[in-house]
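To keep things simple, chains are lettered A, B, C and D as they appear, and every chain counts its residues starting from 1.
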């Protein structure tokens, strides 16, 4: 990538983050209702800190640190780089203010421009690309975290009244797709950007399978609810059932029953649940329980990837029945970058696809997303596989 | 109080709340680092809600509710009035924004002015006075909560660089004061405002006692620390010692040892600990342990009140050795107002005096402040009594 | 006390502990269902350890430690003597076995007999008496802890089918007793044994008062329950109400509603609740809520003590409205014995009287018992005072 | 299996459970130090309850329930059969006594003999076999739970001073084994007993691999410890590192450093750590961290199973790098039996092999054991795979 192209890409992606927060009030940038989400101003600072720490500090001799304390405040989980802020504390920090974070972004952007105009640009382009991919990952979290913050406020403020969570669903796509028993290749292949966890293309043997083309809909989910799906342990994994009981779960996240009707909070505010739309904001436990209830199962990540080219993607991450584990040839990279994905490879489940919150180009058939089984603030849905 | 006087008093006290928050950034109004403190915007809304709920709604027929949801959002602990917001959730709410809260205050103020100009003013003046006293109590909390929010931020921002926490201490006042054994009267007497918990003036019999005139100083506290005061269980109440160990307590709140020297966070920012200043921000457990260490004891609230006229007050609330319990003739008032003080009469200790954060006229010799034994974010200090 | 008398008293009290555990199965000695109670074998070991540690080790040169580890295992809260067993761990220890503990008791008893036959007997008689009082205090806990262990077993085994918790109640004693305003003396006076916390006889000034002679009965409690006493916050202290809600409290401890009728677990097994019997096993929160519901109040410990001679005692500890705090002249004794009572003087309430579980001679009018507000596994009841 | 053979097998396996508890004192049967283990008397009752509930009650009309309450007390996690005892409560129950549990076993055994002598024996032989396999699984837990109970007692009592945890280790077996890339079959095949989770024999494609023949030894583990393995986050999974820090983990379970030397608690009491013995009682987190430290990786369960025939098994369960998930054709059985394994298929890791605690015939190459990542009270060790 030449220098001009790189600078343009950098500017465009960095600007996108600011577009995302434009509808917010200053107060919205600060709070952290649950440990899994982060305050929007933290996302804006953290992605900036990434460029400062991994690129400017080691590679641009003229760089001047914006404010020493930010190296600490906006650190994330990278233990290689010293003490991290305890994640649960993020929501207690009123300073730096939004304005100060914006100044920090501007400061780092200027030096990044200087760097990308220099002779080092080419050498560092891969690392810069990693920083941009990292920023895009946080753009997705920025939107899902904002939805959580506003959607858990008793005033239910809209993020953007014209926002369409319109989860298109082509009702004409009725049938399923058949996968023949045999050997298949999975894993990343090609020249573009990709993460370490999808590397090591390798063969897998798959039994014959049949995958539904349609997403599970809100209408089907209502049927599950009405038939007692949330009240009978027999559909649930043991720890899923504990989760249901100790949290009083009885519907997908953001669903509210108001005077007998089901509504859901969207980024455009409260809207009626539409039966034909794909169901969204469900946990792995719920996905698995629904599958049992319907006599089906979740596809594995290999089945999903092998069929990816043959069927439409929607606007939802899809839970798979695969645990997030290293691929056969996976080995940790050295240094802080090595912590990127590998240290999370236990007790999480793989999701495949992408969501309306995913920046363009951020996903691909080999992309492996992962979350803990009870989490559901991402745009998560499911398509099932049939027992043969 | 005539109508003009009442309106002037109302305006002046309401304006004082706004003066207190003027140095804040919008972000500072939102957070709640620990359950005991509240976000500044909540204080501003809650005191307004008090006037709306107890005065405007029942007594001003022309009153229009500002926003129905606020009746819920800004409720406090008054269970009589319906569901309260769970206290721990306050710090998760980015909306209403500061601007909206300010509009709410303005709306209520206008209707209050209308009410106070009406023929009802006199009849309601006592209730309005209660609302103003309530606002002043929250002004004290506003300042102590702001100190906590800024003082627990890793950037240690000053609230007001010119703020003087100057806890005056007249070094010439060396001696102690003697209290003769006998019968004394305690409790409120007079015409001004007072709370239900100080009513029921009654006699108490006190043994002879000797009360120090001087506040315990930072220098004395450093001696306690250096002699192992925080490391030896023998000075501590059993649950005080558990508190020390499980929280790693080793100095008063806001104290930091930086390169061998002790600093403390003040509303003007970090400052060096001055040995001759009264020690501040200590818990009841610490006060009691220090007393044992020094071979003295805490005075009772009756001793304190009886001697109040004879000695200087400082800028600190003083822990007493008295539990917060009803006076002999105390009986709960009917209705929501009755919940004001009586429901807290268990497992709290009485503090007497006032602090630099206490609005003028808010305290008096009979005023009974009370907090749980481990709390120390108020401006709390101590003066001791001697064993005879 | 002469040597023979002392030995007889020692033998008799030590034997009483064994009488109390005789109905138990080996398994009953081991468990600890909640942190507040201790396994019966721990009580038997701990009281023995007290004699070993405070009397035999320092005063009998010929004494041989039974087993070094027991000095640690049976220690309680006396931090002066080194690391204590974490209280919550006691219920995890299957060893030492009951038989081993009995051997330990026998070993210590033999050496105690040797000591009491020696010339040191007289000099140590006060310390030995403290050990015996300590054993008697644990005898009371032994019985209440056994009741908890058996009463929280789904099989509801009886401790002793012939045990009478018969809380006699003279229905003819209808009237109340009047206390005249004035100065009174309280605190221990006399020659017998007493604890440090009741020392320092002193004067108190009491307002005129009227104290009920009758205990609150189960019938009255049922009326409280039926009128919604446990469902309306308005009768409750704020933290009492939190306790009710988070524990789902709806009746005294040990009460069970079976097919529409109320039963209670007694040491003789399940029995029907009798309306005319005094209510038992209530917390301070419940006592206070009942008082508010009935338009009365709890007496103070001074009122109780001043009237003690004029009225019948029952078989229940009575909650008073007094916090457990030091008397005016109270000062901690030096050394481990000094920890006996003083370190608990915060956040507990005083109970007066005695219960069916209290060994004869263990209580007296000046005796100050104390427990935390939510606890109710002791035989706790109440008599109220009237507002005048 | 003919009736006589079945009765003999039944008697022999049931007797084995009693052999295992013979060295215990009554008190040892009662306690439950952590939630993951169960009191020995519960294991004895629960395995008996299994026969009563699934075989005698539905199939033997002459059967008389021993004691109605036991159906509840000894239930486990089978929600199909009604309310289960909360697992954490098991350690609070002193009754039924050990003697009563033994009577219960005897009662059920007699009726089982009657049943197995009847014409129904053949029809029910598979279900009876499941009951026996279930009893054997609990025999393994019985021994590991007993070790935990005694090994966490400050007196460190031996279970059996002559017990050999002798983890044989043939030092001459130095080399590793090579696995060729290709298609392999895994899953149960044959006529004997097997569990549902190992059914559905199917093909997997494996990359070429090299598996160590030797178990990781205590000597190698000491090298890991001495090089700071427990103090550097870089070897650890993120949640593994949290586990290390919040539990202060610094050595395998049961290891104690006494005066500079490492000892470990065994069923024969404390013994010195021998460097050439396989390391045991490690968590998945530790296994994974050790693998990273040594530049190797954990084998997958498929690799392990494919190589099982070619190499020695030791006396340890081996952690694999595979999550416990359903095999491709796995589908839950109907009814209570269907809950046996399937409901645990999330957030657990697979172990392969067997341990010294595993009853003979209980394991086989296709057997899939599984535990949560932090658990280590089973006899768990590891053999590593090499990166190629």
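Methods note: a residue touches a chain if its C-beta (ideal position, glycine included) is under 8 Å from a C-beta of that chain, and two chains touch if they have at least 3 such contacts.
Bear in mind that the values here come from a model prediction, so they are computed numbers and not experimental data.
Visitor: Going by the stated contact rule, which chains contact subunit A and subunit B alike?
Guide: Common neighbours, subunit A/subunit B: none found.
Visitor: To get from subunit B to subunit D along touching chains, fewest steps?
Guide: Tracing touching chains, the least step count from subunit B to subunit D comes to 2.
Visitor: Please state whether the interface between subunit C and subunit D is built from the same residues or different ones, using more than half shared residue numbers as the mark of same.
Guide: same
Visitor: Roughly how far is subunit A from subunit D, going centre to centre by Cα mean, in whole Å?
Guide: Here the centre of subunit D sits 37 Å away from the centre of subunit A.
Visitor: Using Cα averages as centroids, what's the distance between subunit C and subunit D in whole Å?
Guide: 45
Visitor: State, to the nearest whole Å, the distance from the C-alpha centre of subunit A to the C-alpha centre of subunit C.
Guide: 58
Visitor: State which pairs of chains touch, listing all of them.
Guide: A-B, A-D, B-C, C-D
Visitor: In the complex formed with subunit D, which residues of subunit C make contact?
Guide: 25-33, 41, 69, 72-73, 91-98, 149-150, 152-155, 157
Visitor: Within the complex, which stretch of subunit D touches subunit A?
Guide: Contact set of subunit D toward subunit A: 77, 79-80, 183, 202-205, 207, 233-234, 236-241, 284-285, 288, 292, 297, 321-323, 325-326, 328-329, 331-332, 343-347, 349, 373, 387.
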